[in-house]
Amino acid sequence: MKNIALGRYLPLDSFVHKLDPRMKIMSMLFLMVAVFLVGGDYPFVAYGVLFAFLIICTLAAKLTIKYVIKSMKPMIFMMVFLTIINIFAYKTGTVIISIGSFKIYSDAIINTLFIVFRLMLMIMITTLLTATTAPLDLTLGIEDLLSPFKKIGVPSHEIAMMISIALRFIPTLIEDTQRIMNAQASRGVDFEEGKLKEKILGIVSLIIPLFVSAYHRAEDLADAMEARGYSPGKKRTRYKQLKVMPKDVIALGVSISMCFIVFYIGRYNAF
Amino acid sequence: MKQIEIKDLVFSYDDKVNAVDGVSLTVNKGDYVSIIGHNGSGKSTLAKLLIGLMDAKSGDILVNGIKLTYKNVYDIREKLAIVFQNPDNQFIGSTVRDDIAFGLENKNFNPKDMDEIIETYAKSVRMEDYLDHEPSKLSGGQKQRVAIAGVLSMQPDVLILDEATSMLDPKGRKEVNELVHELHENKNMTILSITHDIEEVVKSDYVVVMNQGKIFMEGKPEDVLMRVKDLTHIGLDIPFNVKFYLEMKRRGIRLSTPFSMEGMVDELWQLSSKK
Amino acid sequence: MAVKFEKVGFEYSPNTPFAFEALRNINTQIPKGKFTAIVGATGSGKSTLVQHLNGLLQPTTGKVTVLDHELIAGEKPKGLKALRQRVGLVFQFPEMQLFDDTIYKDVSFGPRNFGMNDNQIKVNVENALNLVGIDSELWERSPLNLSGGQKRRVAIAGVLATEPDVIVLDEPTAGLDPQGAKDMMKLFEVLNKKLNKTIVMVTHDMEHVLNYAEHVIVLDHAEIVFEGNVKAFFANRTLLDQLDIVKPMILQLHDQLSDVGFEIPIETDLENLIQILAKEVKR
């Protein structure tokens, strides 16, 4: 669990960490748009600019390049898979490699690179967001960004409440899981070895009690929340307030500009 | 002054058996009332009915003279605070601070005022050094104290404890019981404590014994806890001191303070040294 | 001896920044056929200690010998399944482990995992359910629809059905009402006195220690600070004060009686104590 880099928060002290989560989420969205705006005659120059920009951001966030590469590890399998599919799908352009009657065309390579670069950039952007923003701050950011949509029926506050309660209970449910595993192991369940049928029964003996326990916790929690005056839909204030600082606006501005820069590079022979 | 009045309350979970079967009770302002009874006797159900978490089949509940209805249930909940049994399942916030803030948010307090209120109430339960701790890093006793801080910040008239110490170790139980007694003495808070701890009952002002959904006995601890035959008949504990007192009486030695071990021991010494 | 701990240490997450030493230099034994209580503050290492008894944890240093199984630090443990059949472990709030369609099936889960044949399973399951006092009318019902106390008894039956020689209980009466707690302790007394099971009970309840245990092991901050018989344990005032342990009521009474001047032997039975005391007073 501790080795998964993608999605994890690293409590460091950097410029990016201190930015307003709403600005970071919006910046991330604009940067993703930028990734998909790459096109025209010099797409690879655009990709290069984006990579360079993200590397600067990564370093500004006090993350290491090594860490970012680690976060791409889960995608390696997919990238290889895509490469293989593309090699068989694209048979246009000039021939790059030829082994007997088996030929790999240039369009296949270019297309693969497009997809791989896009994936890598998306991962870098997402990692940048999740590594520099605590889950609860992300939740606050999401709540605020969704609140204009309340008018069309999006329950932004309730969604945020659900996320923060889920986050609060993760350690508790992990403890429950461990406890149930111990109890069932003591009754002879082997969670590591054994025939498929035994393994399935073992997992059932873990999942059902976990669900039952989680359900009881939820029932109790609902009572406690109601007793303390909570009612979904009822107006309430929020203890944690977010404040936009000039640096946040600048950061967002920079991300939006990246969209324009990337759009024009490659399309209008800027270089 | 009558703080809570319960009149002929009836409730059933399954329409077959009444979990609360015609209960009538009056609680006066400033009283410390203990409610005891075997598991399933209706104690917790009664507590949940009091704060309107469930609707009674029939009967009335009056708080400060006002009848509880679905319309005013939120107002009534401001006056009656409850702390439940499981320390984890009522800890809503991600940290102590956030959890105490939860109640304040529900009441639309101004966020600017919240920090001060949170610190005040955390101090009142001696958790001011733990404000940024997560619940997974706290003991059961600490979590229950935070729960008390959380509901106190609403400034209720009554504090209901639904077996709030039964899942705690002796240290946690002591912490919570001391805190509750402090609140009763210093803030004159009305306390309704559902408990299994017979020694706690001895210290309360009034005892209500429930059995199978009905009130079996009620009265001052000195009176109720002496009715040993009745208590054992329905499977309840008797305070150690009372057992001692009655055994002595059986052997012809009459002592005068059945609830004070110190008093009885002194008396015995007096009796023996007179010879 | 049922269990022997030799220079045992246990560290959670060793070699990481989260490393935590839960047990240090544990040298102790648990006598066979007796009722041993394990006492200590929350976090002192009690749960870690008992999880070594059925091999859920292996020591990071030293050696644990349970019946004739050896758990040696650094070596891969063998025969854990067989060990877990002979040492039954009942965790705190054991009702959390219930999951099967019927009570009967849930209780047969353990025996089935340990490879017992159908006949043996039938006999064991029915014996266990009768022992814990669950009426046969209920056996085909779902275990999840019972009262808290009943659920707990079904969970315990699930452990007893594998016929362990050693039964380890982690705060078995936590959260029960006084009658429920009394019934539960009577069950363990039967298991110990009539069926000769070795009982190891982690507990905070000093009344239970006095009334049911014969041997006591005390843990404080990962180390053993006392082991001996129950009488010696309660006689050790310094230890009890150091650990903030409240004596059982009858011993508190005895202390008060000696303090005023009575010279009465220590009694664990209230009636006996009163008989002696009454004689003293009437003299």
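Which chain is which? They are A, B and C, in the order written, and residues in each are numbered from 1.
By definition in this document, a contact is a pair of C-beta atoms (placed from the backbone, for glycine too) under 8 Å apart; a residue touches a chain by one contact, two chains touch by 3 or more.
In this text the structure is predicted, and so the values were computed from the model without any measurement.
Asker: Using the contact definition stated above, find the chains touching both chain A and chain B.
Answerer: Shared contacts of chain A and chain B: C.
Asker: If I rank A-C and B-C by number of C-beta contact pairs, which comes first?
Answerer: By the number of C-beta pairs in contact, the winner is B-C.
Asker: Can you give the whole-Å distance between the Cα centres of chain A and chain C?
Answerer: Spacing between the chain centres: roughly 46 Å.
Asker: Which integer distance in Å separates the CA centroid of chain B from that of chain C?
Answerer: Distance between chain centres, rounded to whole Å: 30 Å.
Asker: Along chain C, where are the residues that touch chain A in the complex?
Answerer: 51, 54, 56, 81, 84-85, 88-89, 91, 94, 96-100, 109-110, 112-114, 144, 158-159, 162
Asker: Touching residues of chain A toward chain C in the complex: what are they?
Answerer: 176, 179-180, 182-190, 198, 204-205, 208-209, 212-213
Asker: If you look only at chain A, which of its residues touch chain B in the complex?
Answerer: For chain A paired with chain B, touching residues are 136, 164-165, 167-168, 171-172, 175, 216-217, 220-221, 223-231, 234-241.
Asker: Sort out for me which residues of chain C touch chain B in the complex.
Answerer: For this pair, the touching residues of chain C are 41-42, 147-149, 174-180, 204, 244, 246, 249-250, 252-253, 256-257, 259-262, 270-271, 274-275, 277-278, 280-283.
Asker: Over in the complex, which chain B residues touch chain A? Could you list them?
Answerer: Going by the criterion above, the answer is residues 48, 51, 53, 74, 77-78, 81-82, 84, 86, 88-94, 97-98, 101-111, 114, 134-136, 150-151, 154.
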